[in-house]
Amino acid sequence: MESAETTRARFAMVIDLDRCNGCGACATACAVENNVPPARPSANERTGLTWQRVYRASNGRQFPENRSVYFPVSCQQCEHPPCVSVCPQNAVDVSPETGVVSQIPVRCLGCRYCMTACPYHARYFNWFDPKWPDGMETTLNPDVSVRMRGVVEKCNFCHSRWQAAKAKAAAAGKRDLDPADYVPACVEACPEKAIVFGNLDDPRSGVAKSAKSANAFRLLEKLGTEPKVFYRSDRAWVRRLADADVAVQEKEATRG
Amino acid sequence: MKFNVTRRDVLRFAGGAAIGTALSPMPWNLTDDLAIWTQNWSWIPKPPKGERATRTTVCALCPAGCPVEARCIGGLPVALRAANDGAALCPLGMTGHHLPHHPNRLTGAVGITRGERRPAAVTTDMVVRETARAIRSARAGAGSVVVLDTRPGRSGSWAWRRLLAGIDSAVVAAAPGLEGASLASLDTMLDARSQSFGLDLRNARTILSFGAPVAEGWGQLDLAAARESVRLVQVEPMRSRTAESADRWLPARPGTEAAVALAIANVLLAEGLVDTTALSGTDEFDSYLSVIAGFSPDRAAAIAGLAPDEIFATARELASSGPSIVVAGEQPGGGPLGRPAETAIFGLNLLLGNVDREGGIVGRTPLPAPGDDAPLTPLARLDEIPDHSVALVIIDASAGDGVYPWSLVARKLSPKGSLVVALSPFLSGSAARANFAVPTPPYLETIHELPTSFAEPVASIALSAPLLPTRSGAVDPVAFMRSIARAAGLDLAGEWATTESLIRERVARIHRAGSGTVTSPADGSATLVAELSTSDELWDALLAGGRWSAAPSNTMPPRTMRITGGLGTALGELPTRATATPRPTGTLTLVPRATRDTSASAAVSPVLTKLYQESGLRGSTGTAVLNPRTAASLGFAAGRNVRLLTAAGAMRVALMLDEGVMPGVVEIVVAPERSALGEKTAPGARTVLDLLTPGNEQTWSAVDAQLLEG
Amino acid sequence: MDSSLILRGVRRCSTKRFLAWLAPWAVMAGIGVFAIGLCLVKGLNQTNMDNRFAFGLWIFLDLAVIALGAGAFFTGFLLYILRRDELRAVINSAVVLGFICYSGAVLVLAVDVGQPLRAWFTFWHPNVHSMLTEVTFCITVYLTVLAIEYLPIVLKNRQLRKVPSFLVFEGELHKLMPVLAAVGTFLSFFHQGSLGGLYGVLQGRPFAFRDGFAIWPTTFFLFILSAIATGPAFVLLTTSIVSKISGARLVRHGVYELLAKISGWLLIIYVGLKSVDTIVWLNQTAPRSGINPSQFYAWQPFGTWVLIVEIVLLGLVPALIFMSPARRRSLPWLLTGSVLACLGVALNRLVMTIQTLAVPTLKFEPFMTYWPSWQEVATFLFVIAYGVILYSLSFRYLRLFPQEREMQKY
Amino acid sequence: MPNRGWMTFVVGLGSALALGWVAFPRLQYRTIEQPLQFSHKVHTSEAVGMTCEDCHSLGDDGRFTGLPSMATCEPCHTEPQGQTAEEKRFVDEYVAKGREIEWLVYARQPENVYFSHAPHVGLAGIACARCHGPHGGTDRLRPYQENRLSSYSRDIWGPSPTRLRRAEWQGMKMTDCSSCHDAHGVRQSCLTCHK
């Protein structure tokens, strides 16, 4: 039998913040694709499940000079992920085939140590049992398993779509998948075409070029996590929001 | 032998048993199986299994009618996306396949008593009898009959007009707060009530919008794509997504739009930027000029809180880079600006010569009616109907809903007795406020019609094909009308018995006329109708997601133009009133804010809690947003729960602070009410909209309010 | 009624009084059991933890009680390895305290994880790089060690001694004690350190992240040091409280002084190293992560006062008290010092748990605070009630303080 | 009676062993008969001459179409082909009524596993029997056994109560997948198989 070695890829995305207008289509498409359950009545923005969360930030100036920017933040698929080494039971690893950081809910103990480790708050805990209104379970995506309460979950670049693209390639006798077959749901759903997705290792891909462009940046780069989600903006004040050197938010929200 | 069981025996037995158990697979398998049990809990929903296929339809959740590709498992849709390349669906459209399973879906007719937690089940026949009785008493003089249509222009809309034709006091009115409602003022000004016209936004070079969400898909203009060729000037108090992406943003105070429009007209005239010879003979032109003369840029700028230069610059831009289009209001959740303001704003179109011009306001042939040429009930605006005069309101929300304060309808009801009947798939929105609600099939369970949308320059139609079987209990609206006709003794002749047969008839008439083209959603290829041999072919092409469009005709028949639409002095008074009324200190202007997508439907997918409840992206209903300076002057901090007080009452809201909000303004988030998001609550619960009492102009885009402790 | 079980030669209160003492604690434990049941059946939505405060009151409780429970292993270490025989007077009590602290922590951990039935996955599929794996292994093994150390104390009960084989067993176990103490010391040093490492390795949380030696961040060593410094103080504190409540003299004052002296010297070393660590962290480690350290203390209620209180009031002050021979002679001073030292280690664990999570990393994320739900508080109080009940039973029926009988004679 | 102590110990040991090795494995599983008896042997016999792929095929997109639907069976079975009562029942109750058979799938993987036949059969050329055993030559469908706690098929663990495999094709646990992957140098991570 021949070796089943597959090629290595580093999937990445570049999000153009000058195009994003905060419509939330990415977050919605993500929830539909990945069987993320709707909120329980008592859930809120601190206990909710949104793999792709859109944050709004502003230039901090007064009306009418105030301008906002929307940061869609999902798992940043770090090259040096702070969440992998902390998991006590190997429920998190990095896929050598895709560079995607995994989270395997059925292995997860629910200790939430990975959540404290992630500086991007991209990991979410199932505080509640997943529940859809009666009958709506027939609209679930069979390619993604439904998570149980008490485990952590997060974005995996729509891994099921990668699996499907790989199976399609295999059926055609190929080992390499067609880039057009693997597009995460958020990328597909963006009405502004603000997200470019592809293989960073392929120098011809749009993502490799955009990631190297002058105004591309990553969040909290100084932490050394080397995220594979890039952002770009021609506005300097937007780029400054990537680092946490100055405190700008004065909002305080207390729960309990 | 005596056998005494001693403590020591028990210990030995237990010891042996412990070792034996440890040496058997039982404890280890049990530990393993228990852990696996937690991975496979029976109460965790299991996704469906079955064959995979893709099917095409058209989204019927808002008037835009986007082509949709559905990924189906075992024939049932599990994911929706735009069927045409390069396009995308909005969050509402993407989750449309959840709606047939919405927890607030009506499964049978219900009677709703205010204050009762649960509606009572009734029979459809009973609702028919009650409706017929109300019609008979209306004919006997008890009051008038109003049908509120939430999606005008459908075959069903025509059927209502046909049904009520025999009743003198009956009118069909568009539900308040619908997109395109402001354009009715343009109808009046152009005396085009029986005529239909559209906005040629794609060919315009400058768009001046007073609050319309142009950059958020309003009017089907892909502004992102048209960035190079279209210049957008936005006049809006809120820093909306459109305002932020506009080329020029004039943050005028709420309620001062008319002053800004009149001042722009003032500059156009004063600087001789427009040629008014064609208008000089027009009805009321002189009074219009005198109103304009009262609004110098300096005065208007002071009223609106703008720099006068902004007004000068806007006027000059409009005049120099035509063709231009000026649109009024259309703010989702905020409703129309009111006729005087709309008249002032649309007047700019007449001054600038935007009518009958490519890239301006163009005439369009209307869609053929689905039936005979029998007389029809007149169309009216709800604000034209006298208060306390209506005996029966029928709300046809079978194709969608509007967002408006319920008091707009309530004030019309006759105190001597009235009945409100709603047709809706869901027990939320309008239906939750009726006396009776009759279930109709939702999107994806029946054929829905997407007739020409308000801004389109040519007539068009698309059909939303069902992907799911209709659930039992749902009543076809046209079949319901026929039952009413029978019970009330109204004449409703014709072959058609259901909505589908009515739409088929309309399609047959389009085919018979033989003009226009059908565009396929997949590849954008167009087929001439003339090439289709039977109307069934046209029907099939439409059911496969195609859209029929009429051939463009940019000429409008000659018409009378009435500049101020007979509004007389109201126009002059309006902007002054907005600022001159002395207000007690601490009074703020309450401005409702909604997003376009979710204001179109009575129910949204519970998954949209991701946007409304589980993230800060769109505030949940009951969130008030203030400028931090305004909050500081009132002594409030973020996250505080305060009482919001208006003339209509008070409500508790959570405060959010945002520097992007105009000082002195409270933005109130009009999110889908909790029942629309799928939570089981009492029908017709009060929402923030109930705080927005419409004034005499029946607008609710800006209302005086106060914030109080506690 | 239960006098046949009570050690000969010591005075204990009447059964009735004892039951009256236990009753409120039993009620508290009962409420706790209900709260724990709610969390296990309905899930962790019963708590006020959230995606940002993934750790809350319970993790703080675990860290704090494990730090205080360090008294058990450290006293064992001093007695059996370093041969400080004076400490035989408190070793039994220390072991019971250690057992209570560790078993309480493990119990709360079992409630705190989302899927307790999968807890054994850590042993079956361990990730050896995780500090939490190290903690889990060490705590489990050490809890077993503590249970074995507890056993001979139980077996020495008047009635149980009557079973000859128990006596033999107990004797054998006793010979094992130095070995167990050595094992316990090794394990404890490791997991106290790992608990510190738990935070120190958080590369993405500049508030917690520390440079270190090899794979161990400085918090690894600081946690060990702070635990062994406050462990003896906690033994001192509990012994004197028990003495006060029971009205019996339990140990000679010299034992208190020795405990205080040990605690004092270790505390002063800890305060010194902690200060150096803080300076390096604020001036080098944090800025390198792109964080302006002033941001750590920009949010109320976590001002710089927390740092000052932790290091000076709850670190330096008790250290100075303990180091002064004159103060050591006075029991009130010793108690003051012990309370301050124990509060100090608790505050340190609280700050590391809560403030680490409260300080925002992304600039567009707000600062958040957290307040536990009643279920979390009731579970917390359950551990305290459980500890009091178990300790009370042990004190009544077992020989926790060998010197007590001699002291009664005076 | 010096041995009595040992006796009680042995009794305890013996009864626990009996419980653990004999009674428990029976209690652990629920046995369910298939809705219909089906003979793979008859269909793959020379007389009929069908292959596995005739009914269990891969789609163009690489998705395994799984068990055949009635549409596959119907062309031959509008009328009974043989004399068995089971086939008559099949024709009367399923073909005639247009009902699908709700087979209990022995090899169904847990919900959280992504398994595609395409790379295994297509690229690696693994024969069906390598994982499914001599299933294609059986004359009867054995009863389906479902774990009462986990509700997984017994075939996941294999028939032995020790959960150790006797034959190569017995057992479809994670370790079975990963040991084969390891042996063939497949780079793997959690996401290789989990969804």
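Every chain is named by a letter (A, B, C and D) in the order it is written, and numbering of its residues begins at 1.
Operating definition for what follows: a contact is a pair of C-beta atoms (placed from the backbone, for glycine too) under 8 Å apart; a residue touches a chain by one contact, two chains touch by 3 or more.
Just so you know, these numbers come straight off a predicted model, no measurement behind them.
Think of the whole protein's Cα atoms as having one middle point; the chain whose own Cα middle lies nearest to it is A.
Looking at B-D and A-C side by side, the one with more C-beta contacts is A-C.
Chain D has its Cα centroid 52 Å from the Cα centroid of chain C. Note: centroid distance chain A to chain C, computed from Cα atoms, is 39 Å. Between the CA-based centres of chain A and chain B the separation comes to 32 Å, rounded to the whole angstrom. Counting partner chains per residue, chain D shows two or more touched chains at residues 61, 63, 110-112.
In chain C, the residues that reach two or more other chains under the touch definition are 115, 118, 121. Each of residues 43, 47-48, 55-56, 90, 106-107, 129, 143-146, 148, 150, 251-254 in chain A touches at least two other chains.
Each chain pair that touches appears in this list: A-B, A-C, A-D, B-C, B-D.
The touching residues of chain B, counted against chain C in their complex, run 31, 34-35, 37-38.
Of all residues in chain A, those touching chain C in their complex are 40, 42-43, 46-48, 55-57, 71, 73, 80, 82, 85-90, 107-113, 115-121, 123-129, 148-152, 219-225, 241-249, 251-256.
Contact residues of chain C toward chain B in the complex are 115, 117-118, 120-121. Of all residues in chain D, only 4-6, 8-17, 19-21, 24-25, 28, 61, 63, 65, 69, 110-112, 147, 149-152, 161-163 touch chain B in the complex they form. Considering their complex, residues 43-45, 48-55, 112-115, 118-119, 121-122, 124-127, 129-133, 136, 198, 201-206, 288-292, 295, 298-299, 356-357, 360-373 of chain C touch chain A.
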